[in-house]
Amino acid sequence: MLMNPKHPKDSFVVMSELVLPNDTNTLGNLMGGRLMHLMDIAAAIASQKHCNCPVVTASVDNLSFTNPIKLGNLLTIEAKLTRSFKTSMEVYLKVSGEDLYTQYKYMSNEAYMTFVALDPHERPRKVPELIPETDSEKAMYEGALRRRQVRLILSGKMKPEEAGELRALFVKD
Amino acid sequence: MLMNPKHPKDSFVVMSELVLPNDTNTLGNLMGGRLMHLMDIAAAIASQKHCNCPVVTASVDNLSFTNPIKLGNLLTIEAKLTRSFKTSMEVYLKVSGEDLYTQYKYMSNEAYMTFVALDPHERPRKVPELIPETDSEKAMYEGALRRRQVRLILSGKMKPEEAGELRALFVKD
Amino acid sequence: MLMNPKHPKDSFVVMSELVLPNDTNTLGNLMGGRLMHLMDIAAAIASQKHCNCPVVTASVDNLSFTNPIKLGNLLTIEAKLTRSFKTSMEVYLKVSGEDLYTQYKYMSNEAYMTFVALDPHERPRKVPELIPETDSEKAMYEGALRRRQVRLILSGKMKPEEAGELRALFVKD
Amino acid sequence: MLMNPKHPKDSFVVMSELVLPNDTNTLGNLMGGRLMHLMDIAAAIASQKHCNCPVVTASVDNLSFTNPIKLGNLLTIEAKLTRSFKTSMEVYLKVSGEDLYTQYKYMSNEAYMTFVALDPHERPRKVPELIPETDSEKAMYEGALRRRQVRLILSGKMKPEEAGELRALFVKD
Amino acid sequence: MLMNPKHPKDSFVVMSELVLPNDTNTLGNLMGGRLMHLMDIAAAIASQKHCNCPVVTASVDNLSFTNPIKLGNLLTIEAKLTRSFKTSMEVYLKVSGEDLYTQYKYMSNEAYMTFVALDPHERPRKVPELIPETDSEKAMYEGALRRRQVRLILSGKMKPEEAGELRALFVKD
Amino acid sequence: MLMNPKHPKDSFVVMSELVLPNDTNTLGNLMGGRLMHLMDIAAAIASQKHCNCPVVTASVDNLSFTNPIKLGNLLTIEAKLTRSFKTSMEVYLKVSGEDLYTQYKYMSNEAYMTFVALDPHERPRKVPELIPETDSEKAMYEGALRRRQVRLILSGKMKPEEAGELRALFVKD
């Protein structure tokens, strides 16, 4: 099967939600886990737009929550592919909040999630190539290899000394 | 305010859930985001058991999903503290699935999440010291510093060359 | 209080959702009511973006559901303001579905909803003027008066013979 | 297949709900969309009681929300058929609220929704005839033709000049 | 404060629901717990209609589930007061299911629940007297004393030998 | 089919939940029905752990709610088998609440629920024998016969005079 390459914009998706009472903790902040739930759905949409088949979440990179999103605020999640590997895809997510009354917008967090494409027997299958277009897309595409090494090391599937890309960060030869 | 130190077992919590239809994707697998939602609640309970005050999710370490949990299966999440810092706490989570009909148990994933304790003005406040007891608790306690450096580097708050603990992994002097 | 006029693009919002099991009837179609729920939230976001204050749904124009959206498909709702009146705002909504595996996209329905802006005492308050920019925005802006007459007649607040705009549709003088 | 005619009372259904926190906006009012969701379910029950087969929402007539229903109040939705056409059914809905502490009852809104009966292949199928009994049922039965013309015109499926019933409202010959 | 007595019909309430996917177990049967959740809401409405104040569930009598209600079926819960005590009220519930396609109706179960009326300080407060009217209401009113003794004995608040009403069942003198 | 006997500890399950806004009534107390929903799931897990097959709720014994569990508190449900009959199993549940800030723990209620094991045709099937080990398990095992008679009498399936175990409570010969 021959698959045409695709561009990051082909998988771009925007999700907008109002933060409702049951999404918040007793301080009126969107719970981190509820946010991760929505981010996972947004990223699953983006990766399905790229591979046109069922997907399963393979990994979520280190997430750092900067500003909690408040009850009644607008939550916006943007997701698009950064790079496709043989059977997996890395998705970049940008999450922001907005108080619609004061028009105050704030960044909440950024994230990278990885999804695996599945065939009807739930086995990994090939995905189309991704060709970045803009400068920022190209930078994310390049960074994907390094993030992949971090992922493999952190999940114990690669030894640090094999991670050439990453080693350079620690060792200025 | 003087706070008595606590032990990991004081924050230990077990959450058991049946995977219901709305928690799954079209393949009948528990959605990764729904799982993260439940893990966040379990970890929030563990950290509140330690600090006895409101908490907010600060970060989630790299998550790798190995075996998807199936519709109708039992999901078990265990959480307990590994180390407390000045105002934050690291929580270790172990997630497993079980097909109750065939009695087949399987690991799903492990994770580390970090929470910040808040005072009534939603500002970070001090948390009790954590004293590990068992060997595995001591190992997790030790590893917490290294994971913290990974977190700080990955979120851009520390330069790789400052991460002494981590550098050792890459550079065998 | 002086309020700067705004443009339709200032209130534009996109909501993307995956249709989950609990959103569907026994035929695997998104239930009409669940869709209306999501449309109402999208339209409430659009109108809050325009007036920057709490809003309440005042009316929903005749809705006609053409193609049901299927389980697992992507649902996309786009909403933006068409015209603002003294204390109310008309929002246009476009709903489409997409089978992400076959890349088949289809229109589901279009709708007009009206929201009233509220002050802190829950009384109607003034909203900014809306200035349409594109040709289609101008056409929607013009049509808003006619739709308003339909609304007033259908809710018994205006007599048909007073509806000059509308009468022209039925009587070719 | 021969189907016995039915009466409006055969499809009559009452739905009672308490307004819970997650059903409300930040003002403590039941969200319009959540109400439409419940109205759609009530109307689907009424139409399934008439045709005894799966149904799909075809259209919702102009809805006007008069009094918002408050958090903790009792919401009552009554639904029954007004007229059946070849493969579709019109349902009338009456929605009211009640503050159970002060025993204050108030009308919220009225609506007409239309459903299409489906055979196992999801194609429209014939529905039983509806025979109105009371005076108000007969009046609603008569009005159904006029509302149907409004629906067809508003959804662009009929030209205003063809709508004989409706034209009379605007033109006093 | 003088309160006018009320009749069972004043608290009568009907709740109709369609059984949705997330309400069911893997056999497609409404889960017992989900049903109890809905019964509790229906009974809370009935008791609030009687006392016009906040209430809290005090007890649920032995429940026996005869016929499970199936996915897609109509669930109907009817609730009304049987007797009021000083600060508490007993509610009778009748639960039935209906397959709307085959018009097959079946009883699911019956239940008695008890609620306590609360003042603004969350302390028990007096409730109006209940005066039964029909024969079946009178029989339920009489039986309430005996059921109350069963409740008190089963919860360890009364010794069996003090339960005069109940003792008669076991001892034919 | 020969089935090995099991012990109560084999079916022991712990469920921990945070009480969220939508779980509470307007007084901020966990609604009785929502609690019963969670208890039913915990008990279903325990009984599936014993019989390793699908189960259906058969009955719930008299429930008495002592202390309401508050919004934001930790809810803990512990469940384990007390006795197995031919095709049914009795499960004991202990429900407690905890205010994590003040470390105040309180009992909420105890309950007995009965489940029936089902074969693939949804007919009752045999379950393994249960052998109690600790003293408290043995006491519960013994009491199960008496509770079963109460259940049969209360659901009208046994005449009081046939209930030998129970009669002894009322008649001191």
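Should a chain be cited, it is by its letter among A, B, C, D, E and F, assigned in written order, with residues numbered from 1 in that chain.
Here is the rule we use: contacts are C-beta pairs under 8 Å (C-beta built on N, C-alpha and C of every residue); 3 or more make two chains touch, one makes a residue touch a chain.
Owing to the predicted nature of the structure, the values given are computational and were not obtained by experimental measurement.
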Practice task
Sort out for me whether B-E or D-E is joined by the greater number of C-beta contact pairs.
Solution key: D-E
Fill in the blank from the handout: Dup interface of A-B (contact pairs over half shared, numbering-based), picked from A-D, B-C or E-F, is E-F
Exercise for the section: Let me have the rounded angstrom distance from the C-alpha centre of chain B over to the C-alpha centre of chain F, please. Expected result: 31
Exercise for the section: Find the geometric centre of each of chain D and chain F from their Cα atoms only, then give the gap between the two centres in Å, rounded to an integer. Expected result: 43
Problem - Chain centre separation in whole Å, for chain D relative to chain B (CA means) - result: 50
Problem - Touching two or more other chains - residues of chain A - result: 21-22, 25-26, 41, 44, 54
Completion exercise
Listed in rising order, chain B residues that touch chain A in their complex are 25-27, 29, 31-34, 36-41, 44, 54, 56-65, 68, 118, 122, 150-151, 153-155, 160-161, 163, 166-167, 169-172
Completion exercise
Listed in rising order, the residues of chain B that touch chain E in the complex are 20-22, 71-72
Exercise for the section: Spell out the residues on chain E that touch chain D in their complex, using ranges where they run on. Expected result: 13-18, 41-42, 44-45, 48-49, 52-54, 74, 100-103
Exercise for the section: Spell out the residues on chain D that touch chain A in their complex, using ranges where they run on. Expected result: 21-22, 24-26
